[in-house]
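Notes for the one structure printed next.
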Amino acid sequence: MDYTFQWGVAFGYLPELLQGAWVTFHLTFIGFWSGLAIAVFLAVGQLYGGRLLRRSISVYVVFFTNTPSLVTAFFIYYGLPEVGILWSPYVCILVNLVLKASAFLTDAIRGGVASVRVSEMEAAETLGFSMLQKIRYVIVPHVAKTLYAPISNLYIVFILGSALAAIFGVEELTGTAFNIAAETFRTIEIYSIAAGIYVLMTVAASALLALVGRWAFRVRARIF
Amino acid sequence: MTVAENREVQLELREVSAAYPRGGPVLRDVSLQVRKGEILSVIGPSGSGKSSLLRVLIGLLPPSAGQIVLDGEPIDYASRRHRQRVRDRLAIVFQQFNLFQNMTALRNVTVTPVKIRGEARAKAQARAEALLRRVGLADKFNSYPDELSGGQQQRVAIARALALEPEILLLDEVTSALDPEMVNEVLDAIRALSHDGITMIIVSHEMAFVREVADRVVMMAEGAVVEAGPPQQIFDAPQTQRCREFVSKILRH
Amino acid sequence: MFENVLRQADVFFTWENALLWLRALGTTLSMAVIGCCLGFILACVLVYFRSSPHRALLPLRLLLILYVEIFRRIPFLVLIFLVLFLTRALGFRLPLYWVACITVTISATAFIAEIVRAGYESVHRTQWDAAEVMNFGRFRTVWLVVMPQAWTVIIPPAFSYFVMFVKETSLASQVGVYELMQTAKYFNNIGISPFLAFGTCLALYFMVSYPLTRFGWRIERRLRERFRREEGAEPLVPALRPLPGL
């Protein structure tokens, strides 16, 4: 083994790594939940819109769910300056994240709405519910309950997916790890610690989402 | 009805108790004798421990006290080897989800003889076909369980148990999960077997059937044996209060 | 910008370049296939031992649980760097392709293990009992009874993970593997417009991912129809796509 481990040195960089983790957090937080907001509209459009709207949204969703984040990120990062749009790397990655998240979430929401039982809708119909009331009392509660777990899961997936921001120089967790490792050559230790922080972050996020789910939606979710 | 009074004792339970890991006791000091060739039926209200009795015998529920003796040899259910030997000699038919869903009826019956006991495929298959014909399923050899009715599935399960050539056949409420129309076809199959001389322990709710087929009936309640005797005694002249209550309740239907 | 693209078109769209792209496509697919197949086998072995009731195996079981929980939560990019530097440190100068395959395997094992576990749980307890009372033994029970039934629950999500991994391999470009992404970067570096280079890359990924995804839906639908379980009322719209990332 021609590598000497220096964990002490590596752990000394913990503050920087945690700073990077913070960047990861707000990058994914803003990106994912914005994506969710957009996805709600897109899902509604896809379910109730006209033919052209439905088609366009389908194309959008199919495109972003079948292409790697890395490639779309490169496209945005290198392609936009060619047409004169100059955004910071952070914004490029954020936009990429929002686009991807909204696509996956639109799919998820559509699946959730589609799973509303006909029997419940019929019951609401016979009770004289208006469309709005049906949405509020039948669709939304069912969808919220059904989708809570998959959406929480997707959030975790996106936290892990945000690592590619490092390639574009964003100083999130992996990016910070890159830089520190390049400086100190303590590659294995630094990346291991970064990996550990990712594990802890996602566990914490899962646990929190599970708690919120249990409290707000009475959804029993698994943390592990 | 076979006369078994002067036959030797094949299986004996001596003050056997058992409990599930997260529950109270399900068997309390159960003592029982089963003679060779006898058809013993166990009846009683829900939760009386009837099914647990069979589960103990087949090794799915470890006894916490008492002794079980098979052909004069005590069995240590804690030992894996003993359990395996017991299962070579006893066969059980469960109440539901008996059959292996991914195998045809024929394969269900042949899989254990061929894959576990190493029998020649042709021989096992011939025996399986004969058994399936015997229970009235000659045209269902290649049907999967989800293509069969509940009654048909149970008959395959009985054939499967018989293919193991057991010394004692355990039947655990095999008609309780069936729609009423299918109960009779299964009872008919069991009735046909009852003339073969194979020892059987039948846990059942079908009182008319029990009365007709059983040599002896054991009535259980709350995990203990309340009374045991020939069907005439249990059904017509029960000697204990508890048994009398139970019989009067069920015979009113 | 568009004149730029048009000008480069005849330089870019040549047979040699097409071959380059094709080779890269092969690399991408083979990494995913090898990694996922190995991962699947390892996942089955892992879950088999993880669900063992033998008390002596308890420390192993904890280790396996830990493995799954940890490697499900490490980003692929970080993992591939770790594998790279660890193998180098241990003295193995593995080709980068193998580093990538190992990384996919490690990751796939963790994800698919969860799927296989769900598969085990989907098989009714009494199937195990029925096998046990006929002296099947654990291995035979799993091989002859449990896995053939768990298959239908395992295949759809496992396949969708496979399709996901095909896209994840784009990150292998970061350690220098000449798969699709790296080829795109190569073209971009020699002066081809990013729209052409990354656009082609996008198109190729899409042409692999989309048909595979639809194939996966078809498999799922076919499996679901064959093993229809009686549920409540029919859903509003017949079952749509499986939810991603599960």
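Think of it as A, B and C in the order they're written, each chain with its own count starting at 1.
The rule we apply is simple: a residue touches a chain if its C-beta (ideal position, glycine included) is under 8 Å from a C-beta of that chain, and two chains touch if they have at least 3 such contacts.
Since the structure is predicted, the reported quantities are computational estimates derived from the model, not experimental observations.
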| item | value |
| --- | --- |
| Shortest chain-hopping distance from chain A out to chain C | 1 |
| Most distant chain from chain A, judged by the mean position of its C-alpha atoms | B |
| Leading chain pair when contacts are tallied as C-beta pairs | A-C |
| Between chain C and chain A, distance of the C-alpha-averaged centres to the nearest whole Å | 19 |
| Separation of chain B from chain C, taking each centre as the mean of its C-alpha atoms, in whole Å | 47 |
| Geometric centre distance via CA averages, chain B-chain A, whole Å | 55 |
| Residues on chain B engaged by chain C in the complex (per definition of touch) | 58-60, 84, 87-88, 91-92, 94, 96-102, 111-112, 115-116, 146, 164 |
| Chain C residues touching chain B - in the complex, by the definition given at the top | 124, 126-127, 129-137, 140, 144-145, 148-149, 227 |
| Chain A contact footprint on chain C (complex, rising order) | 1, 4, 69-70, 73-79, 81-82, 85-86, 88-91, 167-168, 170-171, 173-174, 180-181, 184-185, 188, 193-195, 198-199, 201-202, 205-206, 209-210, 213, 232-237, 239-241, 243-246 |
| Complex contact set, residues of chain A against chain C | 1-3, 62-63, 65-72, 74-75, 78-79, 82-83, 104, 107-108, 110-111, 113-121, 150, 153-154, 156-157, 160-164, 166-167, 174, 177, 187-188, 191-192, 194-195, 198-199, 202-203, 224 |
